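What follows is a pair of complexes built around chain A, which joins chain B in one and chain C in the other.
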Partner chain A sequence: MHSFKLLLKVLARRKFFTLVNLFGISFTLMVLLVGTTLFENFLFPRGPEKRSDLMLVAQRLEMTNDDNTTTWTSDAGYYFLDRFVRPMKTPHKFAIMGNATTVMNYQSGAKVELAMRPADGNIWDILDYQFLAGGPFSEAQNQAAAQVAIVSRGTAETVFGTDQVLGKSLEINGLVYEVIGVVQNVSRLESRAYGEVWVPINSLKDQSFKDKIVDDFLGFFLAEKASDLPLIKDEYDEVIKNVVFPDPSFTVLRGGADNKIEMMARSVFGGYEKETQAGQLLGVILGLVLLFMTLPAINLMNLNTSRIMERSSEIGVRKAFGATTWDLMKQLLRENLLLTTLGGLVGLLLAVLVLSLIASSQIFPYFEWHLNFRVFLAGFFLVCVFGLYSGLYPAFNMSRLEVVSSLKRRAL
Partner chain B sequence: MIELNDIEKAYRTERIETIALQSIQLKIHKGQFVSIMGPSGCGKSTLLNILGLLDKPSKGNYLLDGQAVNQLPSKKSAQTRNQKIGFIFQSFHLIPDLNVMDNVEIPLLYRGVGRQERMRLVAEALDRVQLSARVHHYPNQLSGGQQQRVAIARAIVGKPELLLADEPTGNLDSHMGNEVMDILKELNRDHQTTIVMVTHDEHQAKKTDAILRLFDGRLVA
Partner chain C sequence: MIKHYLKLIWNRKRTSKWIVAEFALSFLAVCGAMTAFFHFYQLYQIPLGFEYRDKWQIRFQMPSQGSEAQIKELFRIRDDLEGFGPIQSVSVMQMLPFMNSTWSSTTTYNGKDVNAVHNFMDDKAQAILGIQLLEGRWFGPQDDGSDEYPVVIDSLLKEQLFPDGNALGQLISDPDDSMLKRVVGVMPRFRQHGELAVCRPYVIVRADPNKEAPLPSRNLVLKMDGSQTPEFEATLAKKLEAMAPSWNFNISNWIDQRENHLKPTLIPLYIMGIIISFMLLMVGLGLLGVLWQNVLQRVQEIGLRQAIGASKVDVLKQIAWEMVIKTGLGIAIGMVLALQVPLLAPLPVIRTVWVAAFVGSALVLVLLTLLCSSYPAFLASRIEPALALKDE
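Take a look at the complex of A and B:
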């Protein structure tokens, strides 16, 4: 209480500096909170990828020929996934789905671009698409190359102007599909599950993908329990090493099965090893966060330092009456944490505003975000780090002031 | 209560060495009210700061209540100041952002006294300096004399055995100065508080039990 009242007084005395600083803190924490929210939503999805903690995805591959003259790097090919990966023993479930390709549809009278994903009938057991009407296509339907399609609610509304679309015909690449299911829109943050229309892989007109090792497909593994995940990685590694190439001039295949953070690390650092540099990625992110905090932290350090000079008489008095160095450091850090918490709260409001703006601006289709306890915890952690970062040095400086000299300044 | 043996204080910078105090021998008994006089720059404040453990002597021994205190680690000396010593400064040194209550309770905060007890002790101290009606005022709402009385309340709120005052009346007119002196005399009489006061005012100094005269860093008879 003592400390809070004092903080408000001290801050009110330098309104302009305080406002500039508060703005700096709030803006910084706003950006970090937006980032944290997106990152948290990315790592812990609530949509179709909600079982991410038990999921691995085989995606990036590198294929090299025997004299090292040709290297292919791409996503996995259907032949590789179907012929070699599908028989694996350790995964509980396995499914194949192609990357999204943009297809045009003119049925509504206007040109509509749709993100189309070819999938096998097992994908629904791994990704939790939420069906609003109808249901998925089965693996039998995929084998039979049935021309059936699942659409998202957004697709139903843009193409047909209604969400009552079961049984309607949807034209894709010159083929006519029957809509048999409608799913909830998928957030763009769930990049592995994202799509607007899903069709059986075998229904595609062009079936030339069927003999490719590297191409444009993803293999989805679902583990029965978390402890199976390393086993799946190991078995996948074996599979990769023992691939028999249709084109015998190629001899080496490399790649790994990744969870979400590993996938991110692989796309940042590249690499086709079994293990990714996920640890380094987290280190880099933390480093960037600290770097980003530095400017406003230096600002705050300056404010703190000049505040300390102004308050040297107070510091002298407190020391004279028995405050230890540690007492004074605690006081200044507490004041600083209060200030950063204030900035954090404003930052939180700004973050909610910015996230809502992003969500409503359609920069990312179907972008959704959630604030939850984990984000709050991370935000609180950031605020504390920031408060200590900007407060420790001035507090240390202050506490070293000699009583006699700090009392000599006639600041009052 | 206070015993100084051959105390010396030198300030050294790269080029010059200033001897602020030398060969100081001094005994002050419990309950004594002593004043220190001397020309400007003779070392009065330096001596008082050493007595108050705000500064360390370069040489010599300082016994406070029979305990050697000249080389205490900073945490110990903070503790000793908190429990045994009260300070009054020429320029009051009240914290402008805190009201009278919050200013006066400061020594108690570093003693871990509970809120109820703090309120009681602050009220008692303010009563002694007859400022009970001003608890919620801020320093800039008080006259100089009132501010110095608040500062005295702060110095005595923890019931220290030793009160150190560096020109407590230096910034006050003679009427307010006399008020402050009366309070100090009373404290000395009623509680046997030992008081050491620096002053330039012969008239105030005459009211004390003994006058120490400093000249060029040395005590003169």
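Take a look at the complex of A and C:
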């Protein structure tokens, strides 16, 4: 408490410096907190992708011939997933869902663009869509090509102007679907589950996708327990190596089943091997964060160092009365940490503001952000790293001052 | 004189080195942002090569391998749509602009290989898209029945494949000679991916309903007369459903398409710009603080200088020079570091952009320094020698 009061005194004495410091710290931490929150919401989703830690997705594939002269890279095809991947033994559950395609609807009088996802009846066992009304379609309904659709709440409101839409008809691409379920909106950040309308794969007008190895589909695996995940990857690798191509001009297929961070690594570094460069991706992100913190840290360091002289008499007196270098370093570091904590609090407020702006700007449709314990922990960690990072050198410098010379110098 | 300032800076190297480091880092950050900004600005200046206003597109999703009947059907729909409501004319196009797919293939002439983006367009596309030809002609009925594929290439491909000769009438091909292409015209650059994408060599092949194509065309481009309303889209959709009941389709207009296509590039640029400006503000304020403190510490020194005859201007000059030298050192270090990027990593950025970014960021930093040192320098010049020296 005493050192806290002392700090406030020190801060209040030089308002300009305090403000500049606080501005730098809070702005830096705000940017980092916004980044952390987005990353956290991506990596640990709360929506349908809730069970991401038990989920793997087969998506990117590369198909080539023996001498590598023709390559075709795309997402997985229905034939490959249905014929070769579905019979796999290690996954607890498996489902196929297509990528979102934009479809148009004119029922409300205005044009509404909807992200439609064709899915099989097993997807509801893997992705936890939250049903507000009605229920999912079953695999039997998918097999029977039933013209039924699940819509998100947002879709219900834009197309029909109400969320009481069960049994209503939804017109998509000249087909009429009966709405049998309404789910909570899905955040765009949950890219694997994102959609606005879900229909049975077999109900699509054009069924030509059924003979393709690479196309526009995703295979979702759910493991019973986390220790099964490597087994699924191994078996998937086996499956991929032993695919029989309907089109004999291609002979080699490559790809891997990924969790979310591996998916990100694959999209950044490319590559179609079983293993991804997820470790490298985390290293690069950490490096960039450190680099981003360096400039404000040096700025803070400069300000602190230039204030050594101002506080030299105070330090001289403390030294003359027997304070050790370590005592002084502790005091100065504590001051710096408290200052960064203050800046961190302001940064947190700013981050909340910016996140609400992002949420209301529709950059990521249906994005809802959560500042949870994990983000707080990350924020606290960042504040501490920043405080130590920018405080160590000036503290060391200050504590090294000679007693005699520092007492002689006077501050203005 | 500069030597003297360098000595003063060296004597205070403990604080000076961190200011230099701060400038080196700031230079790197500003230079990165400016490179991106100038790079996209330079690209934005190059004409698009076609007119995107008052254009609608229809994308069809039809059964996988386009059979001959399908292509004929597409051409029939094209002709039937002409004159329907506000539609002026319609053309068939394989790859639509402002979308994320590209079809590229190696083009060979005289043993030289160039990778070029390919597209298929019909005879009416030139008029609809407003493509200005530099030489030769567009496709027409005179190309009917030939075994070769007539193509229009862009000036970039002409420069690379025919550096000193005439491109018109030449036969170009691909490495395995599966498609012989006769150059009938040369156009300026065609920028399928919009104003912010890097220009690539471009080949437009004639879309011919009677000829097999490696990738079937599935899209129509509609030129509207300007009186179209968003409601017309529903009318058009109804008509298309009747005309092609087994195909899925998607209507959109090119103004929206272009905007959505530019967004993923523009939004990160805006965010980067905002972050960099705040960082510069922070650096500037920090510098102001450091210099202020610096002047307060050097009151005696400055007082002494004034007492032995230095004018206020001399004092101002000293403070500004010391700062400019530190900035210069920081910029030099930052430049050496930043130079590694164009030297080591081949980024698709032209040299003028690098030079502009280097010069621009150096200027910004020097300006920032002068701005931030002006108030402390003013304070220093106001020091009264008598007051400053009375304690000595």
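Just so we're on the same page, the second predicted complex is superposed on the first by the 411 of 412 C-alpha atoms of A that agree within 3 Å, B and C clash if a C-alpha of one lies under 4 Å from a C-alpha of the other, contacts with A are read in each partner's own complex, and residues count from 1 in each chain.
Keep this in mind: contacts are C-beta pairs under 8 Å (C-beta built on N, C-alpha and C of every residue); 3 or more make two chains touch, one makes a residue touch a chain.
Values in this document were obtained by computation on a predicted structure and should not be read as measured data.
Student: On chain A, do chain B and chain C fit together or clash when superposed?
Tutor: By the criteria stated at the top, chain C and chain B fit after superposition, with no clash.
Student: Would you check which partner chain A:L132 touches, where first means chain B only, second means chain C only, and both and neither mean what they say?
Tutor: neither
Student: If you stack the two complexes on chain A, which partner ends up touching A:A378: first (chain B), second (chain C), both, or neither?
Tutor: Neither partner.
Student: Can A:L166 be said to touch chain B (first), chain C (second), both, or neither?
Tutor: A:L166: touches no partner chain.
Student: Is A:G322 touching anything from chain B or chain C once the two structures are fitted on A? First, second, both or neither.
Tutor: So A:G322 only meets chain B here.
Student: What's your read, chain B or chain C touching more residues of chain A?
Tutor: Of chain B and chain C, the partner in contact with more residues of chain A is C.
Student: With both complexes superposed on chain A, which partner does A:L231 reach: first (chain B), second (chain C), both or neither?
Tutor: Neither partner.
Student: After the superposition on A, what does A:S306 contact: first (chain B), second (chain C), both or neither?
Tutor: second
Student: I'd like to know which partner A:F16 touches here: chain B for first, chain C for second, both or neither.
Tutor: second
Student: Tell me, in angstrom, the smallest C-alpha to C-alpha distance between chain B and chain C in the overlaid model?
Tutor: 12
Student: Going by the contact definition given at the top, which residues of chain A touch chain B in one complex and chain C in the other?
Tutor: 410, 412
Student: Which residues, counting only chain B, touch chain A once they are in their complex?
Tutor: 49, 52, 54-55, 74-75, 78-79, 81-83, 86-87, 89, 91-98, 102, 106-107, 109-111, 154, 158
Student: Under the stated contact criterion, what part of chain C meets chain A in this complex?
Tutor: Within the complex, chain C contacts chain A at residues 14-15, 18-19, 21-22, 25-26, 29, 61-64, 230, 233-234, 237, 241, 245-251, 267, 275, 278-279, 281-283, 285-290, 292-294, 296-297, 299, 391.
Student: Taking the touch rule as given, give the residues of chain A at its contact with chain B in the complex, in rising order.
Tutor: 2, 5-6, 9-10, 13, 313-314, 316-327, 402-404, 407, 410, 412
Student: Under the touch definition given earlier, write down the residues of chain A that touch chain C in their complex.
Tutor: On the chain A side, the touching residues are 16-17, 20, 23-24, 27, 31, 101-104, 106, 110-111, 173-174, 204-206, 208-209, 211-212, 294-296, 298-303, 305-307, 309-310, 363, 397, 410, 412.
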